[in-house]
Amino acid sequence: MDSSFLKEITPQLIKWRRTLHALPELGFMEYITTYRIGKELEKMGFKLYLGKDALDENSRMGLPAKADLEAQEKKARDWGVEESWLDQMRGGNTGLVAVWDTGRNGDHVGFRFDIDALPIKESADPAHRPAKYEFGSKEENVMHSCGHDGHTAIGLGVAQYISSHGDQLKGRFTLLFQPAEEGGRGARAMTDMGWLDDVDYFYSGHIGIKSLPVGTIAATTPGFLASTKYNAYFKGVSSHAGINPELGKNALLAATTAANNLYGIPRHHDGVTRVNVGKLAAGSGRNIIPGDSYMEIEVRGETPEIAQYMAEKATRIIKAAADMHDVSCTIEAVGVTEVVVCDKELIPKITEWCASSELVKEVLPSVPVSGSEDVSFMMNRVQKHGGKATFMLFGTKLDYPHHHPQFDFEEEALLVAVDAYIHILNGGSAI
Amino acid sequence: MDSSFLKEITPQLIKWRRTLHALPELGFMEYITTYRIGKELEKMGFKLYLGKDALDENSRMGLPAKADLEAQEKKARDWGVEESWLDQMRGGNTGLVAVWDTGRNGDHVGFRFDIDALPIKESADPAHRPAKYEFGSKEENVMHSCGHDGHTAIGLGVAQYISSHGDQLKGRFTLLFQPAEEGGRGARAMTDMGWLDDVDYFYSGHIGIKSLPVGTIAATTPGFLASTKYNAYFKGVSSHAGINPELGKNALLAATTAANNLYGIPRHHDGVTRVNVGKLAAGSGRNIIPGDSYMEIEVRGETPEIAQYMAEKATRIIKAAADMHDVSCTIEAVGVTEVVVCDKELIPKITEWCASSELVKEVLPSVPVSGSEDVSFMMNRVQKHGGKATFMLFGTKLDYPHHHPQFDFEEEALLVAVDAYIHILNGGSAI
Amino acid sequence: MDSSFLKEITPQLIKWRRTLHALPELGFMEYITTYRIGKELEKMGFKLYLGKDALDENSRMGLPAKADLEAQEKKARDWGVEESWLDQMRGGNTGLVAVWDTGRNGDHVGFRFDIDALPIKESADPAHRPAKYEFGSKEENVMHSCGHDGHTAIGLGVAQYISSHGDQLKGRFTLLFQPAEEGGRGARAMTDMGWLDDVDYFYSGHIGIKSLPVGTIAATTPGFLASTKYNAYFKGVSSHAGINPELGKNALLAATTAANNLYGIPRHHDGVTRVNVGKLAAGSGRNIIPGDSYMEIEVRGETPEIAQYMAEKATRIIKAAADMHDVSCTIEAVGVTEVVVCDKELIPKITEWCASSELVKEVLPSVPVSGSEDVSFMMNRVQKHGGKATFMLFGTKLDYPHHHPQFDFEEEALLVAVDAYIHILNGGSAI
Amino acid sequence: MDSSFLKEITPQLIKWRRTLHALPELGFMEYITTYRIGKELEKMGFKLYLGKDALDENSRMGLPAKADLEAQEKKARDWGVEESWLDQMRGGNTGLVAVWDTGRNGDHVGFRFDIDALPIKESADPAHRPAKYEFGSKEENVMHSCGHDGHTAIGLGVAQYISSHGDQLKGRFTLLFQPAEEGGRGARAMTDMGWLDDVDYFYSGHIGIKSLPVGTIAATTPGFLASTKYNAYFKGVSSHAGINPELGKNALLAATTAANNLYGIPRHHDGVTRVNVGKLAAGSGRNIIPGDSYMEIEVRGETPEIAQYMAEKATRIIKAAADMHDVSCTIEAVGVTEVVVCDKELIPKITEWCASSELVKEVLPSVPVSGSEDVSFMMNRVQKHGGKATFMLFGTKLDYPHHHPQFDFEEEALLVAVDAYIHILNGGSAI
């Protein structure tokens, strides 16, 4: 294997990651991000399917408001995204698919890299590496605090390898750069385009999750939590809070009562559950009984049955809270992730293939996580057609948890991940 | 008296009101409103004190965010407000004072007209008069739903009378067009400039409040509720809601728990109380434990003691809710209104003066309201220096309460109010 | 008038009060109390109607549990209540009516004295008079902390006067010693027996309420709050809290959510409101998801409309809280009080009649209270048939509020009340 | 082995179980239960250590109220428990230890059987076996709904075997019939007496937990949840809810706010958590602002760290809820259970020993449960001194969960358990 490749690519890998980190974009608004990725892959010689060609518009969930999309499109144009690219992405059709066909018989191997950021204000603490090395987010309240900047950089690294070693590889490679993983909103739309329907091996993964040493990776995870994401809209009647409080129908109290009770959905004996009210906005002015409110929630469960249990409890609570305060309510499902089972036969293979890697020190067979991932849609599709799929972890020490304003990872983890994927590529599909 | 005046001014009065209604502006952002009022008064020949000359910058409370002020200033410039006017108002120094000196000995009479709107989305229901006659708010989420558009029109009507009958009047007239009445934020800043320190008679009033027939007015109200307005900021720690829920410190739950308990502050045996959480915003994204939240609240009491009782209970609840969820919290007082006692000797006078009005059918001595008004600062200042002050009501049938998206009033009430003030002017201070 | 009467009766009055205070009984369980009252009135020569003859069994509301009634009946028997008396009262038919007919033409005058105590543990603080003078409650968790011990003593004092001055009086006197005033449960049952249907003047009253000097009395009150009292029973499903939390249907959470939201029913612009969850019991054991819960609540309003508003909001909240936690619920109305209007023409009369009293220093025309009283049923009945009715207050300094473990009153107030009633009797109905 | 033994004992086993089921007693009040067990063991020839000789009084936790203990002692005396036995148990010193020494060298084997019931009202549904066969609880609100009646019967069955086969066995046997397992209150008190300090093998177990077929048993469980149990007492100030609501300090609202927030303690990524408010009692009367309230809660965690996390969150919430409503609060720890690790080397042994049992069809190595058990104290003590310990499960189909009013088990499970223990006895310690 070509051990000089990693050495060469290291500065590039870190540059990609930091550049992406400094300009984070929320789900379905990754116009600049997609453009940047696309221009790199274009140079490498991949065949690209952009935006509306990469995903099924109608399968997207939880699309941002039109005004937000347009503002971001304007920003992208001002930044320099070409008009033809923008046309292809307009209206929240971000992300792209890159295909490389060696022309030689061999497996079809798929990879998923997620590219979106989160609505978190990044820490400016000098102890926070991005602040210290001046690649912190330039966007007011958006941040790559789940490592997708790293995932994207890893994807570009793998692409670079394929491009520069294409003559030594066989089969086909499909790289999905997926928008809107946060909230479980984008994977289904890519999956529904059929990219994965004849894939033999499918790999995806995550930096961190558990705090593990750099060099330690996990070949599989025992599975994700199935999850459902809801928006709830409460509609009451506003009124003057001093003069006619009794004429109001208080949508704020409906939402706060729902929130407090949602967190109290009973734990389930049969497995892990989660519930979160991630966002609540109610009312318009101080002396007005709030006539409107809005909540973003998600529930998760370790099995489809538990996920269903959580979803039923949650909708019951929301509806009753509305009824309690005599307001109406609409509940909208805006995201779903499925449970998934990694193919266990990949464990010894990955372990064997990575044995010769200098960077991968240890391959753990399986490390549990309690997150949810819409890559579940992709993995389930691959497996349904007879392919094998796994979701790996790439170790890094974590000083702060994912989604924290000071989340960061050790950039050496990028190299480990790229090297692991290269060994897998060679082991699994190359000569 | 000049009975043809009202006939002449009627179309103008309604036009003023509708024009103002269609372009509502929130407190301390009434750039266009102030400009419009000023240009009219300029034409009438009043001496004007604009913005920074009209109020004490440092006595303003609850100023909007800098970005919001700047956005509104830009909008005002685009709309056509002259740069010199804007300079005088920049940074939330809206409102103006208009003075007319007859040059003849006589009383100094003061009037207060409030000019701000509310953050409410106006109804587009065709049964709603502004929608039907196409003068509904053109601003997305701002609305004159407390009648201040009418108050401003009344003020202009009174000014027009003074201007056109100046030679028949004696003494001096000071008209305060006050910003930011909602939230009790603007009156003190005008009062602190000393405009009222030698005023002999001071009048202000409100359209509606109680649903009374057009033509019925109240000479006084028994008083307002004292009130305090707070913003509360909760600061916790965000975390991934699936992977590390236990690492989050949930600022949303602190706010919702506070809200639910605030409404339960015990009633007080000694008089009326009010409490409202008018706005609550928490969290940033669905799968993030909310690290930040924010609430706008107000508490009111019929006496200073009850108002104090409410304020103490409210701050205790907010602090304990923060402590319960291990988050920090900052409570900021952003508005205050005082209790006030209307001068009862004005009741027989107003009744007598208005007896000859064709439009004023009935003068009720006193009608109770349970609102709060920062005109209390002005009235208390006038009375402290020996002047007499009252707050009147001008009847209109009300189909919807104040602060409702369909709030509206009968425009005949504008004429009644102007005519009542004219009779008071003539009775009280003119020859 | 016989001024020596009061002097003579003073020690007896205080003894009655203290004896009653030391042995308080809850509503519909006043077996010993009724017996004591009856034995005194028997000695005085009144015609008595006891228990089942005094009230309509079926009109009672909020009867205690059968087991509690039986336990109290046993206690009464052990204490020495005669079996024939017990038979007449068994099953919660306490209270009695005492009638005196002078045989001479004249008005029919009615009085109501309430006799029940409250479920409060009396303070043993040595600064608390009953503790200091050793007449504190001997019952563990029952206490006369609303002054009904005093009311009963006043009733006996008035009866003693009628008995000893019967030859100087004219007309008829009906004294109702009413059970179960607390909770508004007993008055209707007495009223329904028709005792008041031809009463010309009806008097009742309360010690304290406002802290007024001894010697100050109020001739009327502007009215009571109408009130409704509910019991709510939530029925869920218990389950092991560790092993199968998800199988429980949590009746405790239904009740606590209801309670927190009940206190937040919006204030009403048109008058006073009250809400209280006076009792809540839920669950059976620590590691069991609570399958049952129970709440005692009451709501009040200054007008029938406001009372209705409060009742509707309360039942909506309770039902929705049950629904939220998937438990069933039963709401039972267990007590009602009405609004009432005292006859204003009694104000000058009472003032005049009491002018010659040495003990009554001042008669206030009307003092507002924000309590509820089921004497409202009696007053409304009297007025419906053309009689005049009022509810008076008898001043005492109050160091602690009513229903407080240290509630107490100045015993001089008893003398004032008896003297006021004697003057009213003589002024209003005697020669 | 003596296969006729089981046949003979079957009717007795079922009779024991049903007799115990019909007369359930709560923790530390098992006076009749202990007496019944003791009389049986006495007949069998065991050396008995009763009550105060069996446990360390001062190590008991969560003792019932004195009045409840005395009432139950009176009931036991009336029922026929001998005075000398009662003396030995008075004051909540129930339970006993039975020792059998074969006089031959061999292992010291310990067993724990828990004997207490739960405060649940048993179902009278004819589909519920105890109701159908008329051995349902005769106590109003107490029920064996966790199978401890079965555990006790199993213990007697094992004892009968030891007694009748004593000449074939070697070593010593110590059988602990433990009071107050529910709430984790009794095990430590027995452990502290040193009964287990030289035990070589220690067995305990549970009927049911998971719904498994009769005949299936589990040799170990992966562990219990560590738990802490608290009582919280809130002390506020009562007041008249109509007249002076503002003078009350509402202990009910403190408790309900705490309860609603306790259920919302965030889930923990690292393992199972549980929280329950099993009991809440607040207030005394409907029209009194509640001055007192009381809660029984428990929190659990899969690891000591998680249990500690839950305990810290819970106490924080309770204290803040008290502070929010300006009431004081006392938190008392009344029960604790530990985590435990079953000795895995017992798995192959138990599997082997039970292979010859006709009743044991399948031995599962390990079945997870999410309950807590204070047998953890005993197991940890045995292991600390070098012994081996396990906690087994005995399968039965479960139609209703543990702690449900219709909980029941298949009585064949009793036979399986006795047979399993007999095989273990013979395999592990007999010749």
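Chains here go by letter, A, B, C and D, matching the order in which they are written, and residues are numbered from 1 within each.
Keep this in mind: a contact is a pair of C-beta atoms (placed from the backbone, for glycine too) under 8 Å apart; a residue touches a chain by one contact, two chains touch by 3 or more.
In this text the structure is predicted, and so the values were computed from the model without any measurement.
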| item | value |
| --- | --- |
| Chain of greatest Cα-centre distance to subunit D | B |
| Result of counting contacting C-beta pairs for B-C and A-B, higher pair | A-B |
| Between subunit C and subunit A, distance of the C-alpha-averaged centres to the nearest whole Å | 66 |
| Euclidean distance of C-alpha centroids - subunit B vs subunit D, Å | 66 |
| Subunit B and subunit C, separation of their C-alpha mean positions in angstrom | 47 |
| Interface hub residues of subunit D, defined as touching at least two other chains | 243-245, 253, 257, 260-261, 263-264, 266-267, 269, 274, 289, 370 |
| Subunit B partner contacts - residues on subunit C that touch it in the complex | 260-261, 263-264, 266-267, 269, 272-274, 370 |
| Footprint of subunit B on subunit A - complex, ascending | 118-121, 141, 146, 182-183, 209, 225, 227, 229, 237-245, 247, 252-253, 255-257, 259-260, 263, 274, 276-291, 293, 296-298, 300, 335, 369-372, 401-405 |
| In the complex, subunit D residues that touch subunit B | 243-246, 248, 250, 253, 257, 260-261, 264, 266-270, 289, 309, 316-317, 319-321, 323-326 |
